[in-house]
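As structure tokens, here come the structures.
Presented sequentially are two complexes of chain A, the first with chain B as partner and the second with chain C.
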Partner chain A sequence: MSFELIKDILIATVPLLVIFPSLFAFTTWMERKALARIQNRIGPNKTGIPCTRIGLFGLGQPAADGIKMIFKEDIVPRGADRLFHLLAPILALIPAMLILCFLPLEFPWGKFMSAPVQAFLLDSAVIFFFAISGLTTLAIFMAGWASRNKYSLLGGMRAVAQMVSYEIPLVLSAVVVVMMVGSLNAKEIADAQTGFNWFVFTPWGLAAFVIFFIAALAETNRSPFDLPEAESEIIAGYFTEYSGFKFALFFLGEYIAMFAISGLAVTLFLGAGDGPFLTSAPWLSVVWFIVKIFGLIAVMIWLRGTLPRLRVDQLMAFAWKFLLPISIFNILLAGLSHFALDARVAATSDAILYSIHAPHTHSGAVNHAPPKLVAGQKEAVMGALHYTDKNWVGAMEWFFKAALKGHVQSRSILAWWFGIWAMGLTVLYVMAKGLDNVSRSEVKPREYLYAE
Partner chain B sequence: MTQEITFWVLAVIAVLGALVAVRRRNLIHGVFALMIFFAALSGLFLLLLAEFIAAVQILVYIGAVGILLLFAIMLTERVTGDDARDITSRGSFWGWAAALAVLVFLLLPAIQSADLAQTAQPHIPSVKALGHKLMEPYVVTLEVLALLLTAALIGAVAASQGGEKTKEDSDDA
Partner chain C sequence: MSILGGGIFKGMAVTLRNFVGSYFYKERLTTNDYEWRPDGALPQSIGDYPKEEGEQLSDTTTVNHYSRNFPMLLHDTGEPMDTIRCVACKICERECPPQCIYIEKSTEKIENADGKPQFYPAKFDIDVSVCMSCQICVEVCPFDAIVMNSQFELSTPDRFGGLLVRRDDLLKSNDYYHKIHPQEAATRDQKMADDKAAKEAKKKAAAEKAKAAAEAKAKAEAENESKEDAE
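Coming up: the complex of A and B.
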């Protein structure tokens, strides 16, 4: 093993191991503050610099929590499986850390050194991401089973059922993007969205993003899908019997998984590191990436503060009867509308190119006189070229210019574009409405056994 | 060199995992040992640059088959078996004999006669090639498999619903 290899490995992985755990600390503070404001409290505001009265808005709270967790007594129940009780929190953290490697984060120092920009550049990164993130389920089951506690086991079983169910819509909503790009490579997916060609800006992409986000909430056991750790029902679910540092590891694993899955959402739908001012300062891409992740996390916190928890039957019905059919339908819609628009633009650009070149080719004077362009034809050709480069935003801009100059075929393409948008959204809305009526789980009101 | 070290580490983990999976009386421990074996196998696939197969190995075997095994085990009694009891039985000699016979007469000749590449193939986008293979020559097979799986799914739903409810049943409920 050479020194170079070890150096490369360290350069690629250490930033992930440093940045995300420190962001975790900040996120716990952010979550406490936000939840407190939603519930009309102040939240942590005393813990700042030790031995002074400087509060720093309670920013010292995560550090205080960490110190408390480390020095707390580690209690293992007598009937517990000691080995698995120890292994479960570690196993919960490993997959969460591992999937961070698949995100197309381009750290600026990768350009100066001979290091890879991405920790683990794989052709099938997206499918690897889903495969490894599914391992968290095992850790949770392990924790629930090893604790030898009814509430733990209930929580563990709930978690397994929930995560297995919601993994399917999660993967199916990512399929849309994979279909559009034609690659499972995270870097290629990120590159396909440069210049604000984000996939949320398409009807199928928008729907897939919403489905993905809901399923991601369930995968990371966030409210309103926090049934495995529902405090009011089963104490703390699978980590009822955990204390001290093991509990902290679970907590850390959960938040890192949140970062990772938000990172995947950003990669797939929100343009990865794409954003303004990238031409003058390319290092901003990693900043945009993390800012977008934090945007998604903020929405998660907001939802936690506002939505009540689901019932188990509602949870299952929602996954299998609503999310699954609509994500399959979304794939179908994406394929149809994309290829319809593709065929339309191809036909139009062929017609334009033919009308430019055809009159001159048979007379043999191709290069002598530049072909006379009808108003807007040049823009239409540029639009078609941009379209074949998968630069949809640029293509639509050029088509729009052509249409303003009175070019008829560009107008028809724009009409198709808007028509597909309107049709897609309408069809998805109708589908969602219909499924909503069908998928509600029927629960009869409980019969009271005792007379009042 | 690095590859050889990685190979031996993964191979040892795989063999140990498989041994523990077979020998433990505690079923849950056995399942997790089996998952370690699967994970090591996935690492070996990755070493051969077959990354899609490695991912599917994790996704299907650890993520799906493993969870299924756990669910099945949770439905049985006496999950944590008696570790002290000896697991070998009287018929163990014939078991060893059969395993050895398979190794010597089936596997070794096959390995020796096969024309295996000494090193992994240079990097080609394996996922794309696999996708083209599935969509072009093997599309009929794929569709038939999909139909079969759908039928199995519908069958499972029908089986779990139970037989047709008679009038008496619904009266009871």
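Coming up: the complex of A and C.
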């Protein structure tokens, strides 16, 4: 192996191994602080610089937790399978770290070196992402099984049922984006959204993003889907029997998985590293990416502070009777409306471009008069050109300007655009409402054994 | 027809309001941000913690007027055992969900604060390691004898004996109760006084009625007698 190759590998992987675990430490602090504030408490505020009374808003808490975790006794139950009990937390962390490699993160120092910006520039990154993140389920079940504890086993079984169920809507909602871009490559998906062409700004993309986010909550065992570790029901679920550093590894794995899946949501729907001021400072793209990840994580924490936990039957009914049909329907709607709009606008754009070029291309003697300038023609042409570049947002902007000036064809394009937005959202909402009415699980009132 | 997912947004608005409000309104916070042990300077307002060195172990440690921790037994002004309100009826022991109260009834009666002979608890133990601070004992007590204390510094090196609070440690005066929960104590005293007045009024009414009845009876008897005499 040459030195260059080793250097490239290090440049591509070390940031992932350094940045995300340190973000994890910060996130635990952020989560505790936010939950405390939501409950009108103060949260950690005393653990700052050691041996002083400087609190630093409790920012020393993650470090203190880490030190505590390392020095805690590692307890293995007597009947446990020692090997698998040890392996499970490691196996939970590895896939979580691995899938970080598929995110289209462009670190600024990659520009000055020969390194690839991404660890893996795979053509099938999205598929790989789902395939590898699915392995976490196995590690969790392994933990539950190897602990030899009924609560652990129950937690493991709940985790398997939940994660297998929610993986389907997760993948199906990502399919919409893959359909639009025509590629599974994360980099290409990111490139397709530059200039605020984010997929969340389309009705189907918005619906897919919501479905994706809900399924991602369930995939990462976050509240309100934290059934596998429901402390009021089954102690701590699959990590009941874990203490010390193994517990810390599980915890780390869970948070890294949260980062990874938020990263995928950002890549697919929120325009990856796209944001303002990118032309003057391209290195901002990695900042935007991480800011967006943190935005999603903040929403997750907010939801955790708000919603109570679902019952098992509600959880399953929600996945199979609500999310699955609506995500399939969303694919159908996305296909129909996107291509309908595309065909309409493409035809109109062609007409607009043609009306400019036609007088010059025709060599007939009759049509020698100079082209008559229609109001807003210039803007309409700009919009049509933007549209051929697949810069939908820019195109709509120009069409809007043309329409304001009284350009008829641009008006018809905008009407189609608004119509499809309204129709898409209405149809999706009606569908969701109907599914909600159908899929609500009915609960029989409990019969008490000993009547009062 | 409600909006789909509207409840979630409503709930999120509530939590957001708490999140933001807790930064701007100190009175929102359920706990005080109490300072480290003061280096010389004493905190200014009531509820500041701690007021004096060593006071955290005494009875007056309280966070604020709304804090509740574990139950205590009340006695009126005077010697604790002479004025204890508890009559060892064991209702709280029976109602306690985690079963953390243990009561032994006395064999003989002694006079209580009203000068009425009553039973008293020979033993009244609360295991605070089991107690879940649900306050049900307070609600079921017909004698207003058990209320919630707010003392929170209960850590002890003795895991078993130290967390089992005995009768004599549970007994606190009504004055102390007024000190830690002034509003609640005032209402409770008012209620007790009202009850007592109502009871006395009822008794008086009953006595008057009985008197009237007796008079009527006597009158009737006298009439009867006079009738008989007439015959």
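Simple rule for what comes next: the second predicted complex is superposed on the first by the 433 of 452 C-alpha atoms of A that agree within 3 Å, B and C clash if a C-alpha of one lies under 4 Å from a C-alpha of the other, contacts with A are read in each partner's own complex, and residues count from 1 in each chain.
Just so it is clear, a residue touches a chain if its C-beta (ideal position, glycine included) is under 8 Å from a C-beta of that chain, and two chains touch if they have at least 3 such contacts.
What you are looking at is a predicted structure, and each value in this text was computed from that prediction instead of being measured.
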item	value
Chain C versus chain B on the shared chain A, clash or fit after superposition	fit
Chain B or chain C, by number of chain A residues touched	B
Touching partner for A:Arg37 - first (chain B), second (chain C), both, neither	second
Contacts of A:Thr306 with chain B and chain C, given as first, second, both or neither	second
Apex chain A: angle to the C-alpha centres of chain B and chain C, given in degrees as a multiple of 10	110
Chain B versus chain C as contact partner of A:Ala432, first or second or both or neither	second
Touching partner for A:Cys51 - first (chain B), second (chain C), both, neither	neither
Shortest span in Å between Cα atoms of chain B and of chain C, once chain A is used as the common reference	29
Contacting residues of chain A [partner chain C, same complex]	34, 37-42, 45, 53, 302-303, 305-307, 429, 432-433, 436
Residue ranges of chain C touching chain A (in the complex, touch as defined)	1, 4, 8, 11-12, 14-16, 18-19, 21-23, 28-31, 33, 36
Residues on chain A engaged by chain B in the complex (per definition of touch)	1, 5, 81, 84, 122-124, 127-128, 130-132, 134-135, 137-138, 141-142, 145, 157, 160, 164, 167, 183-184
Chain B residues touching chain A - in the complex, by the definition given at the top	1-2, 5, 28-29, 32, 35, 51-52, 54-56, 58-59, 62-63, 66-67, 70-71, 74, 80, 125-128
